[in-house]
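Heads up, the next two complexes both have subunit A, just with different partners, subunit B and then subunit C.
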Partner chain A sequence: MATKKFMFINRKAPYGTVYALESLEVVLIGAAFEQDVSLAFIGDGVYQIAKGQSTDGIGMKNFSPTYKALGDYEITKLYVEKESLEARGLTLDDLMPLVWEDEDDDYAEKPSIRLVSSAELAEVFDDQDVVLSF
Partner chain B sequence: MPFEANGKTFETDEEGYMVDLGSWEPECATVMAALEDQPLTEAHWEVLNFLREYYDEYQIAPAVRVLTKAIGKKLGKDKGNSKYLYELFPYGPGKQACKYAGLPKPTGCV
Partner chain C sequence: MSTLHTVNKSPFERDSLSSCIRLAAKGHSILLIEDGALGAMAGTDHSDMVAGVMKDVSVYVLGPDLAARGMSEDRIIDGIQVVDYSGFVELTAKHDTCQSWL
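The block that comes next holds the complex of A and B.
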């Protein structure tokens, strides 16, 4: 099977709808088939990878720890739109420090999150074979 | 089909995975394995314990490829390969080991 470039765009807050969790599941399935998978977080989607999430009281599983496993699945390109982050008064420090381990570099931990402007993100989208929006 | 361990009954789904992941105890693994004629050695437990820890940390059951790599890193390259893992769990290290460890079926497994 030929490798395709898949982009998953995440636009919704993590809880309240099922979009974020569904996206994450499809992402993990895509990676199991060894596709080239990238994620983008836009709008309220940036909250999906925010630090310190707690679902106590809403009766939903806190699936935010699973984003930390993305590196194990060789998903190392997590684009975060700068404008969305700024509009919500957030900075990189408010996001989970998501990393991947470079096997060829003695398992050195490297950051997965790439802060990009809306214009830069458009170019990234342009380069994809498949773009899925959640 | 539900099974019994330590005098308690544990519910499973149609494929034999435990419904209440939180209720797992080591005896569950022993019983589920025995039902499939699979004795559990120390080498099996090493993998099961690894899976439990992985689930605790990431809230998912890892895909086989991820499991293989992570085992290699944690327990050594001689164990982080599919030959070793399939010898321990002939029905598939992902499916079979996750079942005994009381985890859901790995995401992406069909």
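The block that comes next holds the complex of A and C.
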């Protein structure tokens, strides 16, 4: 089966709606089929990978640790739109430190998050075979 | 008559919070819950709008919803009060009516 470039666009905050969790489920399915999977976090989607999520008080499962496992599924390209972070008063320091291990480089841990401008992200989107928006 | 307004949508995604702020009367209260809790954060594109209404309206945010989203109580807009679920109940009881901006 030919490999296609899949882009998952995440646009919603976690927990208030089910979009973030559903996206993550489909992302993992895409990875299982050995596709070239990228994720983008734009708008309220940037809140999905915010550091320090604690859901004990709302009685819902905290699925944010799952993002840390994406590297093990060879999902190493997580694009975060700079403009979306800035509009929310957030910086990279407010996001989870997501990394992947490069087996061609002695399993060195490398950052998965790529902070990009809207213009740069537009080019990344333009290069995809399949774009799914959540 | 005092009204408690609840807003459960992110101000970045819907206009529920801006409509609520525009139409809440002096002496009313606004409680930010679920994704609406994100509207309590300082330093965002909507912070000035929220801070602006606080001279007439008391603004509250549900703490557990902030925590779930990884948002620190230290970084909410000055003057917004954090409440827990019993605080939510107390607010509901204290006001004559409750209006949910869905």
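Criterion: the second predicted complex is superposed on the first by the 134 of 134 C-alpha atoms of A that agree within 3 Å, B and C clash if a C-alpha of one lies under 4 Å from a C-alpha of the other, contacts with A are read in each partner's own complex, and residues count from 1 in each chain.
Simple rule for what comes next: a residue touches a chain if its C-beta (ideal position, glycine included) is under 8 Å from a C-beta of that chain, and two chains touch if they have at least 3 such contacts.
These figures come from a predicted structure and were not determined experimentally.
K.L.:
Among the partners subunit B and subunit C, which is in contact with a greater number of residues of subunit A?
P.N.:
Comparing subunit B with subunit C, the partner touching more subunit A residues is C.
K.L.:
Answer with first, second, both or neither: which of subunit B and subunit C does A:43 touch in the superposed model?
P.N.:
After superposing on A, A:43 lies in contact with subunit C but is clear of subunit B.
K.L.:
Could you say whether A:132 touches subunit B, subunit C, both of them, or neither, answering first, second, both or neither?
P.N.:
So A:132 meets neither subunit B nor subunit C here.
K.L.:
Of the two partner chains, subunit B (first) and subunit C (second), which one does A:124 touch, if any: first, second, both, or neither?
P.N.:
Neither partner.
K.L.:
Touching A:116, do we find subunit B (first), subunit C (second), both, or neither?
P.N.:
neither
K.L.:
Once chain A of both complexes is superposed, is A:61 in touch with subunit B (first), subunit C (second), both, or neither?
P.N.:
After superposition on chain A, A:61 lies in contact with subunit B alone.
K.L.:
Is A:28 touching anything from subunit B or subunit C once the two structures are fitted on A? First, second, both or neither.
P.N.:
A:28: touches subunit B, not subunit C.
K.L.:
Taking the stated contact definition, name every residue in subunit A that is touched by subunit B in one complex and by subunit C in the other, in rising order.
P.N.:
62.
K.L.:
Please give the residue numbers of subunit A that touch subunit B in the complex, ascending.
P.N.:
Against subunit B, subunit A makes touches at 25, 28-29, 31-34, 61-63, 65-66, 68-69, 72-73, 103, 107.
K.L.:
Contact residues on subunit A for subunit C in the complex?
P.N.:
Touch list, subunit A to subunit C: 12-17, 43-44, 47, 50-58, 60, 62, 64, 87-89, 94.
K.L.:
Quick check: in the complex, which residue numbers of subunit C touch subunit A?
P.N.:
Residues in contact with subunit A: 8-10, 12-13, 34-36, 38, 41-45, 47, 63-65, 67-72, 75, 84.
K.L.:
Spell out the part of subunit B that touches subunit A in their complex, as residue ranges.
P.N.:
57-60, 62-63, 65-66, 69-70, 73, 107-108
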